[in-house]
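Alright, structures below, take your time with them.
Two complexes come next, and they have one chain in common, chain A, joined by chain B in the first and chain C in the second.
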Partner chain A sequence: MDLMLSVIAVLATLSVGAYAVAVIDRICGVAMGGEATGGAGVHDRRNPFLAPLSRAAALWLAPPHVTEAPDAAGWRLAPVLYLTLAGMGLAVVPWSETFVPVDLATGIVLWGALEPLATVLIFLHGWSPNSHLPLLGGYRYVAVGLSYILVSMFVLIAVALPAESLQVSAVVESQQELWNVVRQPLGLPLFLIVGLGISFWGPLDFADSNDLAGGTSAESSGRALLVWQFARIAMLVSFSAIAASAFLGGWMGPLLPGPIWLVIKMVFILVLLLVLGRLLPRLSPERFMTLAWTVLLPLAFVDLVWAGLEALS
Partner chain B sequence: MTAVDLAFLLNAAIAVYSGWRVFRTDSMVRASFLLLISFLAVGAIMLLLGAVYLGVAIFFMMAVEMMIMALFMVMFMMNPAGLNPMNMVHQERISAAAGVLAFVALGAVAVFGEFPSRPKPEGLDVVARLGHELLGDSMLVFESAGVTLLATMIGVVVMSSRRGRYGDANEGSVPPGLEPGGEPAGQPPDDDDEEHGCH
Partner chain C sequence: MNWLARLACRAPVPVYPAIGRNALPQIQDWRLDARLQWTRSPRQARILLVAGDILPECRPALRRLHDQLPAPSITLWWRSTPLAGLADRAVVFEDADELGTIAGDACRSLLLGDRQGEPNLCPDEPPAPFEGRGDHGQGGEGMMGGKPYGRPMAMTAEDLRDGLELDPLEFSIGPFWPVLPPGLAARLVLHGDVIAEVEITSAPFPVDLQPVFEQALERPVPIADLEMARARNHLRQLSHSMWLSGLESASLSVLRQVQALQPHDSISGLCERLRRVGFFFSAGAGRGEISLEQAERLGGPAARAAGLEQDARTRDPEYRKLGFRPVGGRGNDCRARWQQWLDEASQALHLAGRARSSGAETSYTESVEAPRGNVQCGRYPADASAILSELLPGLEWSEAMATIASLDLAGVADPGEGRA
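Presenting the complex of A and B:
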């Protein structure tokens, strides 16, 4: 019974969340202009609630694309496995004091492990079509990804410090008095960058960017592309759940039940990410790498020292 | 047979099968990722054994490790993106013999060895115990290994970096002369004029 409920909660959140992200992103695009995912710009006159569905239907019906001598297994598996990672990440997030789909004692570390595994899959997605532009996207993602995976690890260790536990539910409960977003002010901004990175969104869209004609998915079409796009949005949803739990007190809040509070905070993080995704420019990969290693990584160290001193006092 | 037994058998089969495929495949990237699958299955077995930290640690360690390994192998070998078929093995007979011998020896230990039966005590916090072990009695070993690895990583980054002490490598970095405008100091005698044609 509990198992069924957990599976339904994770799958429903990913599907409804992905639809909500697509709608919010279109509304942001129309309101703010600019090009981001799905090509929704200021001149888009389509109904934002129907347009994601019609695009999904179009992709569902489109024929698959084949390249010369691809790694067929890798090409098909990468989107599905990437979606699986999003589900795994969401599964360790607690919905209330008692309802945690998978209450793993090392949930925070599992999240740290999902990011390198996602890197492997994004590279696989770019490598397996045996084509130039996807390959460039894959290589780019690995180079850039390694630079903020470290940032993510330090930020996650910092939230585990006051909780004295690697369990996500313990991290949420450690914020009973003060949310981590206040206690560790550097944490959430740094972690948001990781969120944009792991779903290669907006300013950190190095893998599937339009300067590579779609990057790792340049050769994808039809249902494979649909799953890939869906998985990428699902990863953003999954990320918003862990960010809300690690920094905004997760399910805790007055009056309303836990799951409602978690959803409210997830929507807040998602809107923040989507607006940032529209506002921030995309740097060239090498400039972002310099920024990541020389500014973001030292800031992550400061965040960790800050958390340590705070925990000692 | 319980679900845990079934999960163990499944993961063990995946680990052995993908480990074997590493040597049968014809691409460096595929070989790395098959090895990764093998390690991930071992990590899942560690989780089944109750080693919640070490199991998950295998996931992220091996993911980063295999990704970097695949990237470097493709970078340093003349094989576009590791998709061209190539022979992945050498010294096959010796390797196969060593592999079979090691498998038989380890298998014999597993089958004939007598292992102590000490189930995990109820309420044992595995992660905290591991932390106390790593940063308590084993701290010197653990920290020496950690600092050595960090120094190695920084060294590799410095050595492979384009920026050098005397300018960027792609712009012909040479040390300055001993007197202004003189010959670059400390350079080996220049006798490789013919070699330039080979690159």
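Presenting the complex of A and C:
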């Protein structure tokens, strides 16, 4: 029974969350003047609540496309496995004191492990269509992947320190008195970059960018593309849950029940990520790597030392 | 009518553009139409839009592009002659405002199964047969290299960067890739994501001079009109560079601003916004440095940014009366050229404002400074795409694409040579 409830909670959060992200992104876009609004009789297309559904339906019905001699299994599996990673990441996040879909003693380590695995899958998605631009997207992602994954490791270890545990529920409870966003001020900003990286969103969209005609998804169409886009948004949702738990006190909050608080905090993180995604341009991979290794990584060290000193005192 | 198909009919129509001669500004205007969704790859489109005249040498590429849309698909022709093989069922239209409706109807008929897609134009066979040298008949050595199924496979050779023998990958891009200027096609060799070799296989389509600049060669024209055309042109170019760097929202709002642009408008808000979000550090900044000789060949804003004081407007006393002095000298890389567009657009709006109030007209008709560069009767800026083979090697992919987008490469068509 508990297992059923856990599975349903994770799947429902991913699907409702992905829909919510699409709606929020569209509202952000309209507010920032970045959505096409011209043309006669487009009022129903401007409806942000219907637009994601109609686009999904259009992709579902669009014809599939196969390249010459692809790695068919890899090409099909990559989006599904990437979606699975998003689900695994979400499963370790506690919704209340008692309800944690999978209360893994090493939840933080699991998150650390998801990030390199995501790199493998994004490369697989770029490599398997047997085409140039997707392959370049895959190359590029692998090249920059490590530079944000390391940042993520240090930042996550830093939140585990005050909790004296690698369990996500313990990390949430350690924020009873003070949220980590205040206790470790460098943590959340650095972790947001990880969020943009793992879902290759906005300024960190090195895998599926415009200059590669869509990168790893340049050869995808129809349902395969729908699953890939869904998985990418689901990863963003999953990331927002872990970020809310690690830095914003997760399910804790006055008056309202735990799950509601978690959702409110997730939406806050998502809005931040989506606005950043629309606002910031993409650096060249080389410049990002320089920034990551010379600025972000040292800052992550500082964050860890800060957390250590704070834990000692 | 299936409810899913009905829902799908409400989505914007996925269209891939094959951009022909002089169609780029219209394509950019269409980006603001919410009924259309411009796909980045032909694989994701259901409608192929051929806009503008396609030169005969690019027609084979258009046939291939046509077949790259997953079937069933429909092709629409705007100011273009349909390909042989599609002529009997071609949807041809003239009025740009109609695209939203026509594309919507076409897509709906595909979704509801009312209409068959178009037949493929190329034979369904690998462009290069899977035979030749190599252990697996792929044409390379060992298990590497060659062109299995027409897709070049990486082969070892000396690497540009670190001396490791890595993976040169050879392939072609263009001439209908919206990231590049319309008509530009190139054969590339890449080491990883670094460009090692560029060979231009098709130059960008020559662009017609805008009427107002052509008139300026014959008689005095209002300076305000010239400068507004210049400001619009530069902002359009900038919006493409912004789109390329991932600033899609901001790029659309620039296009919207272009449509409503008036003399005296200020773009300082845009400059400030771009500076704040770090656009001037995005891919391409500090790269794509052109030599003085290349700057000379390019002319226009790129040359002025690189420090060449070439501007036909300095010879016009009317411009001098308005206090015109060329801006430039910021540098020879992409960042300098983005800033140059902004500076010149801002200056053009200011000049247009002053000229509109005073009713100033040009007084010098020997030559005119068009957005692309200096135009004299009988001497039009020539295609400059050849400089890419010197400029791009050594650049990482996104820097190379940003560099191409930061340059105005297409030649200006000589009206004397029988414009279509």
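Points to keep in mind about this one:
Simple rule for what comes next: the second predicted complex is superposed on the first by the 300 of 313 C-alpha atoms of A that agree within 3 Å, B and C clash if a C-alpha of one lies under 4 Å from a C-alpha of the other, contacts with A are read in each partner's own complex, and residues count from 1 in each chain.
By definition in this document, contacts are C-beta pairs under 8 Å (C-beta built on N, C-alpha and C of every residue); 3 or more make two chains touch, one makes a residue touch a chain.
What you see is a predicted model; the values in this text were computed from it and never measured.
Of the two partner chains placed around the shared chain by superposition, chain C is the only one that A:Ser284 touches, whereas chain B remains out of contact.
Which of chain B and chain C touches more residues of chain A: that partner is C.
After overlaying the two complexes on the shared chain, residue contacts for A:Gly214 are found with chain C alone; chain B is out of touch. By the document's definition of touching, neither partner reaches A:Leu312: not chain B, not chain C. Using the contact criterion defined above for the overlaid structures, shared-chain residue A:Leu124 touches chain B, although it does not reach chain C.
Applying the stated contact rule after C-alpha superposition, one finds that A:Ala57 touches chain C and leaves chain B untouched. In the superposition on chain A, contact of A:Ala69 is made with both chain B and chain C.
In the overlay built on the shared chain, the residue A:Leu136 is in contact with chain C alone; chain B does not reach it.
Of the two partner chains placed around the shared chain by superposition, chain C is the only one that A:Asp205 touches, whereas chain B remains out of contact. When the two complexes are superposed on chain A, the residues of chain A that touch both chain B and chain C are 69, 130, 135, 139.
Listing the residues of chain C that touch chain A in their complex gives 4-5, 7-12, 14, 31-37, 39-41, 43-44, 46, 70-72, 100-101, 111, 126, 148-151, 169, 171, 177, 179, 190, 192-193, 242-253, 256, 277-279, 281-285, 287, 396-399, 401-402. Chain A meets chain B in the complex at residues 69, 71, 74, 104-106, 109-110, 112-113, 115-117, 119-120, 123-124, 127, 130, 135, 139, 142, 146, 149, 165-166. Looking at the complex, you find that chain A touches chain C at residues 29, 32-42, 44-46, 50-51, 53-55, 57-58, 60-65, 68-69, 130-133, 135-136, 139-140, 143, 202-203, 205, 209-214, 217-222, 225, 278-287.
Chain contact summary for the complex, chain B toward chain A: residues 27, 29-30, 33, 36, 52-53, 56-57, 59-60, 63-64, 66-68, 70-71, 81-83, 125-127.
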